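The structures come next, written out as structure tokens.
Shared between the two complexes below is subunit A, which pairs with subunit B and subunit C, respectively.
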Partner chain A sequence: MRPSRAAYPMRWRVMDSLERIAGLLWPRSFSAGLPYLMLLPALLLVGVLVWGLVEIGDSSLRTLDTSTFLMSENYTLANYQRALNERFFTTVAGRSLMGSLIVTVITLVFAFPYSYLMVRTPSSALRKFLLVALFLPFFIGQVVRAYGWLIILGNQGMVNEALGLVGVSPIRLLYNYPAVLFGLVQYMLPFAVLMLAPAMTAIPAELESAASSLGANWISTFRHIVLPLSKPGLVGAGLVVFTLSLTDFAIPAILGGGSQDFIANAIYDQFFRTSDQGMGATLSLLLVAVGSILVGLVFMVFGAGTLAMGGDRK
Partner chain B sequence: MSNEKFLSAQIKRRTLLQSMAAVGAAAGASTLGLNRAFAQEPEKPAEIIVRAWGGSWVDALKAGVSDSFTKATGIAVRHDLTEDNEIQPKVWAAVAQKRVPPIHINWDTTTNATKSALRGVTEDLSDLPNLKNTTELSKPVGLDGYPIVNTYGYVYVLAFRPEAFPNGAPKSWKDLLDPKLKGRIALYNDGIGFHFPAQVAGGGKLEDIPGNMQPAWDFITKIKAQQPLLGEDPDFTTWFQRGEIDAACTISTNAREAKKNGISIDWVVPEEGAKFDTDGLWIPKGLPENELYWAKQYINHALTKEAQQVWLDGLGLPGVVPGLTPPADLVGDPSYPTTDEDFKHLIRISTKVQVENESQWFAKFKEIMQG
Partner chain C sequence: MTGSLSKSIVIWTFVAASLVMLSAPTIVVLGASFTAGNMITFPPEGLSLKWYAAISQASGLRQAFFRSLYVATICTLIAIPVGTLAGIALAKYRVRFGRTIQVYLLLPFTIPLIGSGIGMMLAFGNAGLAGQLWPLGVACAVINLPFMIWAVTASASNLSPDLELAAANCGAPPLQRFLYITLPAVMPGVITGSLLMFILALNEFLVSLLLVDARNVTLPVQIYNSIRSIITPDLAAISVVFIACAAIAIAVLDRLVGLDVFLKSK
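This part shows the complex of A and B:
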């Protein structure tokens, strides 16, 4: 008896064919290797980055010959000695690290209540408003935002004009270290909120209700419930804000008035202003190393589990 | 048959246009120095890419050189506004990897261009016919042949807002140390243009450059206490316009452009002198033969009196072809030197010395300013 076509439809046959082809290309005996195959694109990407780092490492060991503007053939640690001994580089590195730390702390302080309100508010209108206010800056690039601050905070800007109305003469609000930190905090705030919000969403609201019903006031609840359970978000947001601030170029360049350089500005100068690719490569590698060590330290102190990446939570 | 009818019959519109085009092309070709038979000319590229500075700089180049080159040859000119410092590594990498470079012609500072020449990435331009009509200024000092052709000179003047100097224009770079100017002065962010006058203002001698520049660093340290703003060409105009600064060490072209835009600004060459330098045009190695030919023709055209006059009227700078007429507003201006007497007040340091020491000077300036 001829089998009914409806009993074994065409699309099943197609699927069977595809399965057979897949079986030929990747036999069942290889199934244990499937996760590694899925890793391949990521490995390739990381491989390209590592290859780039190796090239940069090679450049960092060569010095610039200013009679030919070619890199030296022989390897030397001269660039590293300069980077660690010259006052300009140590000043800029210190300013970048300290600035990133200050920006991270201030940003987290501002981002925490914002995230908490956004997650806990019963008003959907307020939540939407906070979300829009959060995402709007993402549509405006960093450079445009920095130029916006030039218009607002300049000597003839809106703030000084407002001060002028009450008889205060113009104040220099731009082109100094606080202006750079201010610009960075404003730029980093959305990143921190976006990292904190999921961690706060994961805290059951019932825990806070239970604490309250057991007599804990708002401060105790915050200290013993909300803050400890927000740790994964705080650590993640802190890492993102710190590393982005440490490597930022545009805000120090635009709001710093040329005298508040961060490491990225110094790297740019070496590559493009003095044509010294070796020194630029050295500073780049040192920046990667310092950033990686600090991230590693955070993982050691707080544990990778704080970022909900598995492992033991501490 | 009347004359009128005869003319209308013989000279049709298309014929007239063709004739005019032919005359125009012939005149243009003559201007370009293209006296070879057209049959011998290599194939024309669709366009030539010239790296240029933006704003009034590229407008002047377009009006003076590019448009007339296109009119004469039919080759379009595209201006690539990538920063000079940023195009340099791209060109160097292209030449090292034997790729076709991203531009045909680089409009560059002579110091930067000399670095490229020392690296061996520039084509020799000694065979440009119009070079014979230029002054000594067109020849790069300390290099064999013409890996670069200097096309004009410029002065780093002391630009100032007259309202901030009610007792008259500043006479010395030391006037920048006036306490009332604290936070109100600006320099280039690598100190370019300021190192040499600072050497004199600091009590040193130009002959001691580069061996002993301590007087310059001492003076720059004093300037640092004045909390100067540090920026690039466009920043100076913006800062003057927004009332952020009262004085700056900048190229006279920027000050003149700001003045044209209605900003109250004037400039002087202080008693210690002001740095005089040159810019030039060069061609990177690795271009196809025909494109190299036409790139050379572009530079050759830039050295004609007609092109120089229009180009440099726009920039307000003295060219390398004798007999150019200064713009009316710059006649007798110290930033537009034309005589030996004018040059006595300007500071010229050999390009070789500058190229070899520039990195150290930039680093020292940064060290002082970032401290």
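This part shows the complex of A and C:
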């Protein structure tokens, strides 16, 4: 009797041969290594970054020979000395650090009520609206958003045109320090709210009711209940906002117009204007170090599991 | 929300200010793209679609847009297998040095973007890949990989180990278990993650600026180069492409996983 085709359909045949190939390539005795095999591509991909860091480290130890415009062959620490002593770099670093600090404070002040309302509102429609308003700019990208601000705040921009209609002469709203800080605040707001919201969700609403039934007005409820309990979220959001503002490029470049450079802009100029690769690499490495210390702080406060990635499920 | 009128007023004042800050650029760009004038003015000079007609003729912008799409596609195609496998491995198995591996895989987030960009620029330059477009796709996959892994591990919690054991008990060999049990369980995470990867690569500015030479720019870099000279409404029209992509991404994301997922505490 001829076996019917349906008894061993094509699909099974394909699957079985695939199984056999898989078995040959990775025999059962290797199964303990399977997770590592699955992790390998990701480890290699992130390895590109490590490779990049090594290249930065290498370049940072070479100085630019201004007569030949070539990098020196031998290693020296001269770039680091220059980076820490030269007036220009300390000014830029100071401006970035100060700016990030201000941006962090203002962002948290705005993010706190936003995420409070988003978490506590009984209306799911309002919650969704607030979430969409948060995600839309996040997905649109910095350049387009900065472009929007140029239209609004520029010398012939909407604000100045509107002021002109009521007879006020144009004010220079762009290309100054406050413009950059303002741009950064609105860029960072979604990050801050999204980091604060889970911490707020964790605060039971009953605690607030209890406080108010014991006679606390809403300001003291906020001060003594909500604020202390959302501290982990505030610290995390603050560190993330600080790091991202400190290392941002696009907002200072577009809204600062070249006069309000942050560290990232100074690095870019070292590479593409001065062509001093060594100096640029040195500044990058110093910035990476500062950034890593800050993120290391996040990890210490929350444990590495917070920003990621399962693994230790309960 | 409980509380007094004054509380509502204070909170709503802050929220309204935040909403204006968040939405004003988007709304203005949308409005400016429909202007009939040759300059962006306020109040607008009437409605027209002429700037959309203009960008459909401008080959420079169109090519830049296709380059961005190409980069985003490469980035997503790399990130899907790499991130899915790593995410499943992290969620399913107890890996030795798991903590170290997690910290290592988070490097793209811990290293500032300018550092990653400069590093890859030097590395790709030394490898003779400078100026090409596909390394930028790889670079975008690298810097956003944690998003992909995060999305997959988050949905891998739906995956009960009993299911796989049951399948094995019924005689399913390893590959079939993976394809028919494990993969479908993490599929929502894979879709969320690839959506994020695509949209972030489409918008990627700084790394594009560093890795790509002037003849090969992607759309965000093209816009950046143009707004340094003169602001014309055709840029607003092309920016609407990004706004539309973002809106679609949010709609899909909401459909698939619900935006509320971002509010949950661990």
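Descriptive notes on the structure:
To be clear about the criterion, the second predicted complex is superposed on the first by the 238 of 314 C-alpha atoms of A that agree within 3 Å, B and C clash if a C-alpha of one lies under 4 Å from a C-alpha of the other, contacts with A are read in each partner's own complex, and residues count from 1 in each chain.
In this section, a contact is a pair of C-beta atoms (placed from the backbone, for glycine too) under 8 Å apart; a residue touches a chain by one contact, two chains touch by 3 or more.
Everything numeric in this text was worked out from a predicted model, so none of it was measured.
Once the two complexes are overlaid on the shared chain, A:185 sits against subunit C while remaining clear of subunit B.
Of the two partner chains placed around the shared chain by superposition, subunit C is the only one that A:38 touches, whereas subunit B remains out of contact. When the two complexes are overlaid on their common chain A, residue A:281 makes contact with subunit C while staying clear of subunit B. Of the two partner chains, both subunit B and subunit C are touched by A:271. For subunit A, the partner that touches more of its residues is C, with subunit B and subunit C as the two candidates. Of the two partner chains, subunit B is the only one touched by A:259; subunit C is not.
After overlaying the two complexes on the shared chain, residue contacts for A:116 are found with subunit C alone; subunit B is out of touch. By the document's definition of touching, both partners, subunit B and subunit C, reach A:156.
Comparing the two complexes, residues 150, 154, 156, 271, 277 of subunit A contact subunit B in one case and subunit C in the other. Considering their complex, residues 15, 18-19, 22-23, 34-36, 38-39, 41-43, 45-46, 48-53, 55-56, 59, 109-114, 116-122, 127-128, 130-137, 139-152, 154, 156-158, 161-162, 185-186, 189-190, 194, 197-199, 201-202, 205, 208-209, 212, 217-218, 221, 243, 246-247, 249-250, 253-254, 263-264, 267-268, 271, 277, 280-281, 284-285, 287-288, 291-292, 295-296, 299, 304-313 of subunit A touch subunit C.
Of all residues in subunit B, only 83, 85-86, 88-89, 115-116, 118-120, 183, 189-190, 227-231, 242-244, 355-359, 362-363, 366-367, 369-371 touch subunit A in the complex they form.
Residue ranges on subunit A touching subunit B, taken from their complex, read 64, 66-70, 86-88, 91-92, 95, 150, 154-156, 170, 172, 174-175, 257-261, 266, 269, 271-277.
Residue ranges on subunit C touching subunit A, taken from their complex, read 1-4, 6-7, 10-12, 14-15, 17-19, 21-26, 28-29, 32, 39-43, 78, 81-83, 85-93, 95, 98-99, 101-116, 118-123, 126, 138-139, 141-143, 145-146, 149-150, 153-154, 156-157, 173-176, 199, 202-206, 209-210, 220, 223-224, 227-228, 231, 235-236, 239, 242-243, 245-247, 249-250, 253-254, 259-260, 262-266.
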